[in-house]
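Here you go, one structure.
By letter and in written order, the chains are A, B, C and D; residue numbering begins at 1 in each of them.
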């Protein structure tokens, strides 16, 4: 377990305020935010390289806030991996074992071989670290961080320095490794995909604050602001005006109309006035005739562009505002979607999330 | 139109051999490849900054191979944008207009304002370039490159320096800009998503060679090697053995069995022996009972992990080999997919692409 | 602990200079300023240092640009040669220049027949200064050029600049402060030179030789006012470099 | 064009040195090597330069580390002070040291009562050498430390190293070559010093003073063999630096 308790940190121009977050033992949590939101500074503060102005860092119940970095037992892997260039791969991995309990050349060698086996880098042990590929460097850096059995693993943008193809492989490996070792992990990233694929918990940072936290699927589905919606890529974010059309129910929510330019949608709202409508692309249903049943919004729209992205097809629509819908390849070919085609758009009132 | 005709370039340790590629007038082409495949060296060679050992570069029919960079009329935007730090945004954009036909302070100012309007950076014109965000820098760099009306626009990893959220916005803007200006564009990237979203044409590079080229959808669907399949992220790539089970038809293709460990698939092949099977995740159909009809492969498998990625759910399956299937959110909840659940996997013999 | 060791070194550098500055009475400094021989010698020093720096800039900036940008066989050797004067004992440099530029050598003889005499003439002072200060200017300018990203030049070329246009519009403006700082340091190094000039051209006397001369002829008190004055010039120049120098360097 | 201007400067540096090297006949060099006064003076020079470099390293490497890593008020001022001796005219430095370390000053008096005399004694030579060479060692070591990514140190700390352990196991091994190169250059600069030593301690004579002395007393031919010998030492040291220096620097 690692718990951040009201952290306040200032390094250079970065100012982190009131950061509170908890990762349960064995959990995998991510802190995501755009470049410059202070993510790396936060990792440095946790690891003891940036002084805390306020708050505490607890690792498995122990307050480590005033301990020097070497006594916090936190493994760290930086974005550029930062392998020791004057040591071989094996020496890099063994670096932290000098201080491990039960140190000894045999115990060290065993641990290094075990980790190298786990990460598939046994063949590299005798080599220098120059000339390793990005993926190999990452594996060595992870093995090095795990060797002294830290209580928490901190990862700083571990996939930013590799291509997307390698990223997919490394992501899978990291997940498997996490499940095998069960080590509490905290990763900072700017890529929400990492959170969806790896995390149990996610916190979104902006300008030194945590603006939303929760399970990745929940943050993705119910972002609490237009910023979060745009940043996690929930989909369509449209600014407009909410006007009440029905009486509030027991929960205070009421039927309303959301107006943005010439786009008008039936929605369920809990307040009137200016708001953003967040609509997931897969909730926009396309059909050749108006959809029947409980779907309140039915609009005839024109297809502007069709993008085939593997399993999904993204369809950009002119509907007063530009909207993006996601459909399956099969649906796209059934409807003959291509620029200029007119189709019916269906959208449930409850699928419009107002923030 | 830009045509590369048997280029051979050596810069440092990069050795590009026999690069031939053509982008039609007004087209948008991408060259993709992993880090170190020589993509940036190729752009430098096209722009005249790296000498050609062999071959020619033709821009709109004109052989520019022996012209100095300033006479090639190729606009270039580098990955880190490289704005002139001693000039304002407006001066950056106007930089190349000094040599434009009909030069004059009024014509220059008009062109700068027009481009700034097109890219939404009018408010920045008087500012210095320090402190601009990544997205703003990119817009300025593109405006600067477009100002002298180059015949071809060269882009070097234009989205690598911004976060994924900004990337989505910039990608859309660039596409709109490309459609509005109709300028022939050649981009190098390591992200196949760029190709799917932007490109009319794509060439995949590996170790200094072009290993496959064509329309992005075709390369994605029919990769010609395991390397390309993995790099473009087609999905499952499984190494195994092809054994003929039927007589060859008129086209030389025959029914066969593909064996990899305990996984056995009915496939259509054109040769026997060692091969890789490439299977797109969306072609793996999941159901609670064996699927009927023309689907030759029906296997009972166990769900290992479920990842919710917005519109699609990725399901990792234990089927002798690990396979990844992509299904819609609706299907995933209908089948109650979660780790440990047993489901039936269906796969058409024709959906297995052997390379 | 680290700070303690370090501050001993700082003290060893600052102490003597502060002590020297405090030695000069205002009246002593005033009479030094009014001393015509000292005036003439400082004027000569400034003039020669300026000439040496101008020559070093004219020949050294192009060299620095080549060393920063071009990759050619022998580049590392040239880098070595340019820095060589730093390790040559100053009187040895003086003797080498004397042999090279004296009337009896091929080069010196040819130049003398053109009316350019070095030994015991003003050009000898400039030659000594140039020899020791050129490396400083070249390495400063080279570092300034290295900090200009070649991709900026590539962008400028693709926007229509010729090689020279790009140098003038992009490279030089961006490297300018660094080159200027190198030039000022080279100028200060020229002013500070003594060991080679004392061998090449004792008369007319530059300031450092005048101070030495007075010290040996009349003892310490006679040399102090002039020394303080020259130290002040050096400190002023040094402060100037610090102001000019690009901040990112540090 | 650039290359032409540049090669004139290269020629101006290489020409005199080559000319000097060619002046020495093997017999002249042989008798120089057998000259007991020159032998003693070279031995003295080497000894003093080594002592000065050792002191500069002991005090300067910690300072260089602080300047490379720590951020504290006055850091820029310290950076300036460390580089200051480069612009001080050498005889002025000599006079300043004379005043600071002489028997009549507080510091010099205190040290003299401990038996450490500078003026006209060997420690004066070491002081002059230290003053001019310490900046070279500090700036070389500082640059070497700057090239060691602080994140490597953070990784080492997170793996259990104390601040000292991390310095010893990571920082020093990675900065070692750069520090060594700085030390060798500082040593060479010590050997080359003349202007401050000539004021502090004319006797016993270090090599550069001996050469000057012979030049003034007996003329050029008497000074050349010793000059060639000292030049060869300088060139050898210089070649050594180039071999030691990390390649990435250039």
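Basically, a residue touches a chain if its C-beta (ideal position, glycine included) is under 8 Å from a C-beta of that chain, and two chains touch if they have at least 3 such contacts.
From a predicted model like this one, the values you see are computed outputs, not experimental measurements.
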Problem - Pair of chains joined by the greatest number of C-beta pairs in contact - result: C-D
Completion exercise
Between chain C and chain D, the Cα-mean centres are separated in Å by 18
Problem - Inter-chain centre distance, chain A versus chain B - centres from mean C-alpha coordinates, in Å - result: 23
Problem - Separation of mean Cα positions, chain D and chain B [Å, integer] - result: 57
Completion exercise
Each of the following residues of chain C touches two or more other chains, namely none
Completion exercise
Residues of chain A that touch at least two other chains are none
Problem - Touch-based graph of the chains, sorted into line, ring, star, complete or other - result: ring
Exercise for the section: Kindly provide every pair of chains that touch. Expected result: A-B, A-D, B-C, C-D
Practice task
Show which residues of chain D lie in contact with chain C when the two form their complex.
Solution key: 1-3, 5-6, 8-10, 12-17, 19-20, 23, 56, 58-60, 62-63, 65-66, 76, 78-93, 95-101, 105, 107, 130-131, 134-135, 138, 185, 188-189, 191-195, 198-199, 207-209, 211-212, 215, 220, 223-224, 227, 230-231, 234-235, 237-238, 242, 250
Exercise for the section: Please give the residue numbers of chain A that touch chain D in the complex, ascending. Expected result: 44, 47-49, 68-70, 72, 74-76, 78, 80, 82, 84-86, 95-96, 98-100, 144-145, 147-148, 150
Handout entry: Contacting residues of chain B [partner chain A, same complex]
Key = 34-35, 134, 162-166, 168, 175, 190-193, 196-197, 217, 220, 230-235, 280-282, 305, 307-312, 326, 328-329
Exercise for the section: Enumerate the contact residues on chain C facing chain B in the complex. Expected result: 149, 151-152, 154-163, 165, 169-170, 173-174
